[in-house]
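First the structure, which I've put down as structure tokens, then a few questions once you've had a look.
Order of writing sets the chain letters: A, B, C and D. Residues in each chain are counted from 1.
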């Protein structure tokens, strides 16, 4: 039961006029970590787009914001798979501050669909196997 | 029972490498319409930030994605208030395509907190009154 | 000799941790106005991308920043064509504050290239004619 | 004569509807590397903003685009200081593809101004000394 972890700094343009990270940027940060995970397990999004057999769009996303993130803070993203079904999976990413407090939790549900029919289709086996290593139940 | 409506085109940078609007951009679009509403009802965010008495951060956000949005489409945002409490409110924004199909629904819950204590405080009366006009129950 | 003009507000996420509009966002604002111009003259970028005969990438861009733009300000973009050649053109966009002061000037040079050969090719005649109306010399 | 180097992947949202990195995103990438450099030499932007004695806004920026960058490519940014004066400096960042071809060059000129008077003032000595190590003449 692994957690995929990445650390990055809050940069000047992540923050908005209120002096804290703009809420939509949390989704970008979580997706960047997800894209990094896919690359590491050998199922990078670019190749999937080029192959064109399937796409894995996001059907639902959620953000819970507990404490703000500020410019210059080092944030650690801890990503886990919280649901893994034949044609879909759910990713949960906790964004944790240097004080170890969870600042926000981002959840995204991804559905694998055939590019030809736009109907759900089974996840590629190797991708499913790789995601299973990060499954927290 | 009013709905706040704005129409805008999908621009080249809203779309990502998969050829559809990147999911995080839906939140930006919905927030831009919310910011426009606040300006129209006389409670612009800039003045609130400058006054410094209270802030109204987002505590929770959700996106449901039904059909993709593509470059060049005219999207109509239909914003309603779906919950209005003493210190918080929830906004629901339907993003509707030129085909009248709802492409996505974005929901954000906003909590008014005192800048001094960071504790919840009552929404300004005039803001509450203005938001009440858009309340759908 | 026309100027293409659009007015828009500075929104919360345009501004960065320094409290002013992040310098890269000026390029996005200018490009949004350019995209609006192309749509109005009937040469929208989406159709050009779909047709696939030519693309008009940006070869060079410049920003001169005179005074900051702040959250809530109404900015007027004044776009002119400053050079119009057979296969390229240059756009200059002045971003003007409510005080009529030019806050920044963004310049972009666009080159029409064949999608097949990536070599420069003549601009479509109707596009050239339309851009010529905005040519300031 | 050092060059500050960072490598990063092109992510899905860097790319626009034309299938290549949107030109404004090049400026963000170059600025992120600049912000990383400042943090490494002990003059992080967050602390400077908090201290409030001076700010170092960008007065001019330029982008030259030679070849597009695409989703999934590993880009290496090579940053050098090309001019270092008492109150200003110029940064040049080459964005290089995995094929070692320079895809684009981003240049930004930064001016140190007093927060109180908004007049140019001398760069902090330690910052000047640190930047001097990256000066290419």
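Please note the rule applied: a contact is a pair of C-beta atoms (placed from the backbone, for glycine too) under 8 Å apart; a residue touches a chain by one contact, two chains touch by 3 or more.
All values reported here derive from a predicted model rather than from experimental measurement.
Counting C-beta pairs in contact, the pair that comes out ahead of the other among A-C and A-D is A-D.
Annotation: the chain C:chain D pair of sequence copies touches via predominantly the same residues, more than half of the used numbers being shared. Mean C-alpha positions place chain A and chain C at a centre distance of 34 Å.
Centre-to-centre separation between chain C and chain D, using Cα means, comes to 23 Å.
Between the Cα centres of chain A and chain D there is a gap of 28 Å. Along chain C, residues 12-13, 17-18, 24-25, 28, 31, 45-46, 49, 70-71 each make contact with two or more other chains. If the chains shown are joined wherever they touch, the resulting network links each chain directly to all the rest. On the side of chain D, the complex with chain B involves touching residues 12-19, 22, 24-25, 70-71. The touching residues of chain A, when paired with chain D in their complex, are 9, 11-13, 28, 31-32, 35-36, 39, 44-47, 49, 70-72. Against chain D, in their complex, chain C makes its touches with residues 17-18, 20, 23-25, 27-28, 31, 45-46, 49, 55, 57-65, 68, 108.
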